[in-house]
Amino acid sequence: MTIPLSAYLIVAAVLFGIGIYTVVAQRSAVMVLMGVEVLLNAIGLNLIAFWRYVHPQDYSGQIFTILIVTVGAIEMAVGLAIMMLLYRNRQTQQVDDYQELKG
Amino acid sequence: MGIIGGALFTLLTLMVGAALTFFLERTLTPAVGAAQSLKLSKDLQLAHADRWMYPAGPVSALFGVTVAAAVLPFGPSLIGADLGIGAFYFIVVVDFVVLGVALGGWGAGTRDAVEGFYRITAQLVSYVVPLGLAYVGALMMAASLSTTQIVQAQRDVWFIVLQPLGFILYLVTGLMQAYRAPFYEPFSEHLGGGMLSVIGDWKALALRIAMAGLLFVVSAMGAVLYLGGWLGPWLPPPVWMLLKTFALMALMLWLGRRFQPLSTAQMLSLAWRILIPTGLLNVLIVGGLILAGVGPQ
Amino acid sequence: MQWLAFGLFTLLTVLGALGMSTTMSMFRSGIFLMASFIGVAGLFILLSADLIGLLQIMMYIGGMLVMILFMLLFSMDPGGAMMAGMKMSSIERLFSRGLKPQREDEDGGHSGQNEMNEEGDSDEQKLHDHATVQHSGMKMGGGHDHHAMQNSDDRSGQSEQDQPHHGDMAGMNMGDANEAHNRHDHAAMNHANTDHGADGQKNQEQSGEHDQMHHSGMDHGDMDDMEMGGMDMSMVTPARPWAAYLGLAVSVVLVGLLLWRPAWPIYNGPFSTDAPREIGTLLMGKYMMAFEGAGMLILLGIFGAVMLQRPGSHPSDQGRKAYVTSEENPVRISEDES
Amino acid sequence: MTALLLAVPLAPLVASLLIALWGKHSGWLNVLGVGLSLLALLLIGSASPALSGPWFKSGAFQLTAGLALDGLSKVLVYLVAGMGLLISVYAVGYMRGEKSQPKFFATFSFFIGAMLTLVLSDSFALLFAAWEGVGLASYLLIGFHYTEAKARQAALRAFLMTRVGDVGLLLGWLLALNLTRTSDIATFLTQVNTLPATLLAALFLIGAVGKSAQLPLTAWLPDAMAGPTPVSALLHSATMVAAGVYLLLRLSPLFAAAPAVLLAVAIVGGLTALFSAFVATAQTDLKRVLAWSTVSQLGEMFFVYGLGGPFAAAFHLGVHALFKSTLFLSAGAVQHAADTLDMRRLGGLWRMMPLSALTFALAGLTLAGLPPFGAFWSEEAMLGTAVQNGWLVGAFMLLLIFLAGVYISRAGVATFWPRGENAQAHEVGTLMAWPGLILAVAALFGGLLGEALRGLLPFTLSPEVTLSWRISAISASALGLAWGGVRAVRLGASPALGDWPRALGTVLEGLTLGTARGTWALSLGLQWVEGGLNSGARFTAHGAMGGSRGVQRAESGFDTSGRVVADFALSGANLTARAEKSGFAEGANKLANGLGTLGEQLRGLETGKIYLYTLILFGWVLIMALAAVLWR
């Protein structure tokens, strides 16, 4: 095993940063969803790396990754449905046009 | 054989299979769907082409078919790469073909091609679940995901005997997956052939090889799953495998021509209303058979 | 060898994510995200978690494609052709290369058509293609007309102001025509089109598109207004520099923690590589509850999405009719020009 | 044996399920269910079986669930089942002709089943579940006439106010679970001394207070009258309100270990008893009088329990359950017969409904605590406990007994004693008459219950009282009875109630004719309108005044302490009324205003830009992570 664990973790960290940038900086709601997906993938990468290097004989890490992927898929589906509805009612999908939270 | 040998063998099988498929298809079916004319057109300069996505399409499609062919066993050891999770891997990498056609369709930027992109995506949504269900039956009986072991499990009886329902399901979903009649909506003539109408020289070649190879690998996987792969008397294993593959392919094409082409919406409703319940029923039956001790032990 | 693969996959992952977040074309960002996921899947496989890797590829190719589909329905120019003209930072320019700004696009298109004419004369094999591209060009012209007419219908006061802009808005109108068409067509797929097929015979495509324009006519109009009112067409929020700093800070902090923390105990012993069996036993045994919960969640998600999207859930669409008519085969596109 | 034990709570629950599913003969199904559980109890006899098993365990926590039939629970189970049976029979007659009977009876037998489970459960988890079930069932039953705003409001109030107590109970048993890794009550009680008894006892006390309507959370009980009468009978006698006292009795070792909390119990109970007794003397609605008297009696139980006489409390709980349900049954009969419960318009009913009158009289005398009757013994036990703590406390007890006599005799006389005009009524069917009578006779011999309890309960008996105290107690109750009766006679005969209501009634008769109802509904509507007008007018004008004037008239016959009593009554009535009315609205308004101003101040932060939210969120996460790392 020549590649150290920290290499994977660094990749995951960079991915996480990019995800945060996307979630915050993108105006389109779909892009925000994509950013969330990236975040989830960074987490999954962490899980798998730790599984491989620390507890390879216990497959729980992979289980958790499966669950994360599942939740990501669900989030995508429901988020898209909600956005479709919002778009049909509002004719826009730029998140900073939804200002109902404005006090 | 090592990695290099495996790669070479895979490419060989793919090329041979694709060529044979191409001619078989031309003899069996008139020029509909993916079976376009033999002449390759010069590349067009498209007004709205996306400079990166457009070439990426055929490459991705070819890539998908090639890596999918790697797990097709033509003999006990005659296989590109005997992965432990071969069947699942096959399902996954075939998606690259869809991705490729979608990329090419969007990248070409003409209306027909973008049409094709949308329809092919919707068709993916429609066939993925029943396809998985059609696999599950055989996998349950073989108790393994490796293609060679699936074939080995059919040593005494083929799975088509044990689960004809799954085989029929595979026929339909395989046609859907291979974009052949009656499921060739993304390339149908009322879309002007989709992206096939605009795509040019080497891209067209790659795409057509990919489409032909797609049909080949799909029917080969059908032979592996339900017709006992390379198993057979007298003849050497690879011959049996090819025979079964092309017999299945001929059957699929011949059946497909018997039906009225379906629109994507019809495909969706067909898949979700009929195929998925059928697949679940098949899974239940297979479970019952396994509990009853029928099939390979 | 391993290092090579690791470097490749890492490059794919990081560049994909970067491209996703910075490119101007939403379609591209989707594709980039897919590439990034495939890279992550490669890393998984490198970590000998091949099952998870393949699972990830499968889920995300399908999911991403559908997501892109939606994205193209929503965004006003999915191809990013309009953004491409604007000034961007270097990295954006890198990832948006190959997207040509709008105006070049126009004459580019014409030139393309011209030389295609020549080719068409030279090679009769081309006629089909030529016809296609030609009529797609005309199609956009048609869309343009529709749009103009639409404007004059909807806000006759506005239309005069629009006319001058249509020159350089043409590209966008093409985008609109295209998009509207796609929208109509996708709607035909998910049965939510606005009275598509109100006259459901042979020029149903046309009418569908026209209705589509009519339906989305208002927001296209708004789009024009807003653009004329100097709406920032940018895809990023004002908080973007902060976001960049934040993301940078987070990655730096994480890496710093990684280096600062003592290393984990590395296990080098043997372990079973029969992933399907292991995962299956775990899912059916130890993590039964979580498994069932995830399944239930998926079911709920599916039903929720379907309930949200069911035809007629939106007050102003006769989704039912669209649902019925979309069962028929669409007619040839070439016919709806007449 | 354990099967029988299991059958005790399960029979009503299964019955409720059947009723909900099948829907026909719902009333008799309910009777059958309760009867089966009673039969199972009788079959069990004197044995005390117990079954228990692990419900589920998480980590080190083991939640057990089981049923145990020891002495205390046996007493309550017999009470609940027996009374539930009689009241179910009564309810069959009462609900005849009502619509959506299946709903009612399903909830009803679920109520009884939940109460049986609560009494039998030997683990906190099951007890809490049953506790909540009882609360839910009471909510549904009180709001049974959900078309009337009053019923809805009352149900909601009851639900919310009991929730307040339930929070206390929940915190209590969770804390207990956390301390003693088990939810088994017996094992918990064995290691009381090692626990923070005061805190636990205080938490449980909150739960008990909420459930049995003690002073801070009193108001829901009188409003619960909005439900049908059988519900009130069950609610007030043995099931709902008894749960609080049962909790106290069940946890008596814990409370014994926390004297401060015991003192709190005594104070709460004493105040509740006093105030609610005064309020009861001022009420004019029969059922409300009874409700307030219930609160008062429960307060007495709490008081005695706090004074260290759990035996007396348990004893009085049993007796009180008997006579209070009797009183409610006859009150329901009155309502059924005369279509009103406004005592100013009732009167002379004993001619028309002698059985109900007899029932009411017997139960009333029992409540007053006259010597031969049941409550005499229980109140003597309570008095003994009180005297033990000093003669002042004894005097307070005497005052309570006296007040009980006052309000009950006032209510009874004003309802049944003949006077100028009598509400027309008719005797109710046997289904409704006999259960009450049986209960009344049972209440008569409630004294014997004491003998039974001596054997059953683990508590030390309360000391005997000296002859002087006994005589003074008897005289106090007799005095109260006479006082209330005379005052009621005078008040009932007051000329203020001339024949103008009838004239007005004839006028309104024409109006009601206009509203095209059936002729049968005519008199009904008429009486309803009369009652409404009367109560409205009298409440506004003479409500409190009438009481005081009656007392002042009666004063001519008696010595001057009448004025004091009247003033007490008025002040108490007004005070509780004010507390009842204003408390919640005030609180709600204050809360709303506070939140509103807070929001006003906070809204400056809300830009409505989602990306700003996400930015802040992730920044916060970053800072937190850094802090968490650098902290170590």
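To keep things simple, chains are lettered A, B, C and D as they appear, and every chain counts its residues starting from 1.
One rule holds for everything that comes next: a contact is a pair of C-beta atoms (placed from the backbone, for glycine too) under 8 Å apart; a residue touches a chain by one contact, two chains touch by 3 or more.
All of these numbers come straight from a predicted model, not from anything done at the bench.
*Asks:* What pair of chains has the most C-beta pairs in contact?
*Replies:* Ranked by C-beta contact count, first place goes to A-C.
*Asks:* In terms of Cα-based centroids, which chain occupies the most central position?
*Replies:* Answer for the innermost chain: A.
*Asks:* Compute the centre of every chain as the mean of its C-alpha atoms, then state which one is farthest from the centre of chain B.
*Replies:* D
*Asks:* Measuring centre to centre with CA averages, how many angstrom lie between chain B and chain C?
*Replies:* Each chain's C-alpha centroid was found; their separation is 26 Å.
*Asks:* Provide the C-alpha centroid distance between chain C and chain D, rounded to the nearest whole angstrom.
*Replies:* Here chain C and chain D have centroids separated by 65 Å.
*Asks:* What whole-Å value do you get for the distance between chain A and chain D if each is reduced to the mean of its CA atoms?
*Replies:* Chain centroid spacing, chain A to chain D, equals 56 Å.
*Asks:* Rounded to a whole Å, what is the gap between the Cα centroids of chain A and chain B?
*Replies:* Chain centroid spacing, chain A to chain B, equals 31 Å.
*Asks:* What are the residue numbers in chain C that touch two or more other chains?
*Replies:* In chain C, the residues touching two or more other chains are 51, 55, 66, 237, 239, 242-243, 246, 249-250, 275.
*Asks:* Give the residues of chain A touching no fewer than two other chains, as numbers and ranges.
*Replies:* 20, 24-27, 95-96
*Asks:* What parts of chain D, by residue number, touch at least two of the other chains?
*Replies:* If we look for residues of chain D contacting two or more partner chains, we find 609, 611, 615, 618.
*Asks:* Please list each pair of chains that are touching.
*Replies:* According to the stated criterion, the contacting chain pairs are A-C, A-D, B-C, C-D.
*Asks:* Using the touch definition up top, name the residues of chain D that touch chain C in the complex.
*Replies:* Residues 609, 611-612, 615, 618-619, 622, 625-626, 629 of chain D touch chain C in their complex.
*Asks:* Taking the complex as given, what residues does chain B use to touch chain C?
*Replies:* 37, 39, 41-42, 44-48, 50-53, 56, 83-85, 88-89, 91-93, 95-96, 98-99, 102-103, 106, 109-112, 114-115, 118-119, 121-122, 124-125, 128, 145, 189-193, 197-198, 261-266, 268-269
*Asks:* For chain C, which residues are in contact with chain A within the complex?
*Replies:* So the residues of chain C in touch with chain A come to 2-3, 6, 10, 13-14, 17-18, 20-21, 26, 29-30, 33, 36-37, 40, 43-44, 46-49, 51-52, 55-56, 59-60, 63, 66-67, 70-71, 73-75, 216, 218-219, 222, 234-237, 239-240, 242-244, 246-252, 254-255, 258-259, 263-269, 271-272, 275, 278-279, 282-283, 286-287, 290, 294, 297-298, 301-302, 304-306, 308-309, 313-314, 317.
*Asks:* If we count contacts the way the header does, which residues on chain A are in touch with chain C in the complex?
*Replies:* 1-3, 5-22, 24-31, 33-35, 37-38, 41, 44-45, 48-57, 59-60, 62-63, 65-67, 69-74, 76-78, 80-85, 87-89, 91-93, 95-96
*Asks:* Any idea which chain C residues touch chain D in the complex?
*Replies:* Residues 237, 239, 242-243, 246, 249-250, 253, 257, 260.
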